[in-house]
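Multiple structures follow.
Heads up, the next two complexes both have subunit A, just with different partners, subunit B and then subunit C.
After this line comes the complex of A and B, so read on.
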């Protein structure tokens, strides 16, 4: 559930219905349907070329969909030009108007809406205050740092109290510290103003920390839409599983009840290990590196493996091992309190049953 | 001792000797073919037959010459404004076109460069003559009963000069428009600006360096333009270049012609300096905003 659902919200709902966008022979967006609740923060996540930006541009009105509908707050906006949609947007490269000072930039949307000059100034200053840039109105955009420019862009996007705020990789041009600061800033604004946010990013960490729900796209198709925790713990397919975080992918033979590692042990899986039914035959067993632990080789219920590399990284240690058939397995274990191992050691791997996930073998 | 450093596009530094070697022929040409003759001419204006300012006095005192100057300024201004009005839509169209359409448009703009100014001026003479196609059309449609005088008028000069000089306006504006990132227009649009509003509030101000650059280029060129006014203009309504030519070739009054050149040079210099003071010049010449 969206965290803000219980708070009073000013946001609008967005209903994307069977959206499709064709560029020549390329289908950039392929039958994407997604409902964003009023006041919800949804991240569109995917590799480049996944169609996430095209979806956002369709919501903004910069792309005209080949098929499908964009409905904002019950109103069909599919054919409505961007300037009539009353949406706020922050772009990747700030896009502050270089010929206007900060105050005029922020007041620009108000000017377009015919707000009188004095009122414009007042509201622009209030918006600048919201992004903690009070008193910067007289400066030119060029005199500000990247982070400050992006905050001005944010002020310009919220000054007219739009009910939807779109963000197109707004933090990707900033360095790491600024990015984290801005993530907190944007989250704060989201809960203060209660607007609906659709946020495009290719940074999974950003998506996990900021969004109520994350929509994963690949090659124009929606893969999964879930809250962060569900996405991480129960990804709905192999792509989502490998795209978010690290995942061990172990080939197994599956007979409908048990999975057998190639040249290895038989593993009994809990019934909910497979998110969708998996046919008998070759399948993939997925497990997060931090859910695996190791003990002495040959213990009952463990999988035999040989340590290949040990990478010490302070709090945690990465162990890379090979199963009997040579499949690589990664373990992330706390450095302290572990029986130390070194390359060549034989170990037995264990994993809590609920951390095991079974997927059909990847299609070519 | 640190000499000023010069860099090539790829970041390599060039020695001062290389720079001099590369720039040398250009400076030599400017000195030999422009500064020397101009200086020579200007010295004639004050030194012949003996050191005197009487030629300049004549320019100032005789109202005929003042009128010629004012007329020249007016026509140049008109040509500048007219080609601005005609060039802006063309440049916008070019900047928004891609592929074959863009190539076709660019070719249409550049095509006149490949034909001589004389040919283009003569073409207007043919179009505007007494029995030309324009007069015939006007009579056919019934706007006039008999051929009207189009050729040898100020109107003919303005039209033909605008046509000849338009590429110098289109290209800088096109360049400036192409340099504006598309996201600015998108940002304006999402802020609530319709197409016209966003053009007026965002695109136009950002393209201003190109617009001013094109304008001053056309205006200054028009000030000293010779061929078109000479061929299409009315002898009673002379422009300064025609007057200078007349003084040199018909009256053989070189000192007075030189004084006129001096006045024209002064006007051009003052306007150029004024422009470059008000607007930063390097931006007009295509440097990025």
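After this line comes the complex of A and C, so read on.
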């Protein structure tokens, strides 16, 4: 959830108003409006080419928007050059200055702000301590591992206590273990320093675990901005539904009250199954694989299906089945305590009504 | 060592021998006791070196050449670095045209360039002036400086300047404190090349020379026409030594540049 405004925070609010960026004939960012609360951690998530980096670069000042405004802490920064925005930034590749040692790298923003040398040294060492690299100041960047270099970049971005920290896929160059470690590190820094963080990633797991709210972009357009749980449980459209996690998409006929599976059962949906009103006719019923359970075929209120594959994976089992019309359905069930099934078995699927979501057909 | 680097080494040494070969002829000739250029040389004397250093006209020409070469080196280093920056980092669609324009002076025969500059400088009063020489020499030296600097600049990550700007540096400060130190050895090397190109440039000097100020190569041509004494090989030996010194200097700078690029701290 967004932090309450009353919580103590050192962060600045960011107000993105109708942002638009045109590259030639391509509209990389198309009417994006997003308000980031002071001290909030927002992830911009989307496939490559979705415009997420362009939005970030517009906040940083490296891209000049074709239209719209960037307002940071009430100040219109749209035309302000990057070095006057007082923003900390971590780039995808470490971008440490190779001819300067670690301490001078971290102290660089302080030097730009005219901080005296002794004070620079002290604050740089403190920032290195914050990222657990105390005592590394005399080394050259090339002598550090990738993870350590990215920590130095992080220290450099926070050393002058900016109120906004921007991160452009900062962990994508790191291996998996290091990435998880850095995720925790960044979360810790966020809560310790209380700054506003905007974090670009194409890794949904990263977005879900780290961010207070996640903004999903596709083809330059904002799809949904929600906390992780809402995004996962109530994605606002088919794109968001399919982009985050696994989702079964079942074609249905919708008459305004009931949905009928093709060649199959009629399903009564709760009122809130559709996020936006869905017109009668063809529609899509979405349900997460882990919300489905199965029982004996032919039981009342179940959907008839035939098991095609069973993939045992320790704690969980993936069951791939076909509905009457051949539509594929995936189930993720706990391996223990289940009546075992094998390919060819007929089963009946059930699902709690609140897990059912209805979307207009392929509108995205 | 693989076949490719073996071949490369052989090639480099072949070029070196080819370049150094003339010394084998001019070196003994510069010590010859005879009063005119002759091969094989006779005896041994340092008098041609003495007459070079002792002659005010030779010295004036030398200092004139040094002055032009230094100014050319500075001009090409500064303008060449700026041009390279635009070429490597910006330029966009203009890049190809821009590059062609820069390579132009290599492709166009110097004699054609010299005639064109002669006509232009005559009408603008630049002929025979220091400024005229510096402009002309910068023109022909520019491509070499640009290539030397571009080699270094293209290996510097443009995101480094973005990073510096996000730290609060203006674009110029970012260039000055981050990019420039990383390419500085190549900028110096480019300037050295320009110095040498200017210092022993004969063709344009031939056309642009005024009555008063003559460059060293121009003076040498005059002397060959009128006297043909062994002072010519003596000067040639000195020029060759200078070129070798510059080559070694450029080599050292390149090693420094590589070390900087590798991020090794200098002692």
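Observations
By definition in this document, the second predicted complex is superposed on the first by the 358 of 364 C-alpha atoms of A that agree within 3 Å, B and C clash if a C-alpha of one lies under 4 Å from a C-alpha of the other, contacts with A are read in each partner's own complex, and residues count from 1 in each chain.
To be clear about the criterion, contacts are C-beta pairs under 8 Å (C-beta built on N, C-alpha and C of every residue); 3 or more make two chains touch, one makes a residue touch a chain.
Here the structure is a predicted model, which is why all the values come from computation and not from measurement.
Bringing the complexes onto one copy of subunit A puts subunit B in a clash with subunit C. By the touch criterion defined above, A:142 lies against subunit C but remains apart from subunit B after alignment on the C-alpha atoms of chain A.
In the superposition on chain A, A:113 contacts both subunit B and subunit C. When the two structures are aligned on the shared chain, A:81 is found in touch with subunit B and with subunit C. In the superposed model, A:101 lies in contact with subunit C only, and not with subunit B. Looking at subunit A, you'll find residues 60-62, 81-83, 86-89, 91, 93, 95, 97-99, 108-109, 112-113, 156, 160, 166 touch subunit B in one structure and subunit C in the other. Remark: subunit A residues 60-62, 81-83, 86-89, 91, 93, 95-99, 101, 108-109, 112-113, 140-143, 153, 156-157, 160, 166 touch subunit C in the complex. Residues of subunit C that touch subunit A in their complex: 157, 159-160, 162-171, 173-174, 178, 181-182, 260-265. Contacts from subunit A toward subunit B in the complex involve residues 60-62, 81-83, 85-89, 91-93, 95, 97-99, 108-109, 111-113, 156, 160, 166. By the touch criterion given at the top, residues 181, 183-184, 186-194, 197-198, 201-202, 205-206, 289 of subunit B touch subunit A in their complex.
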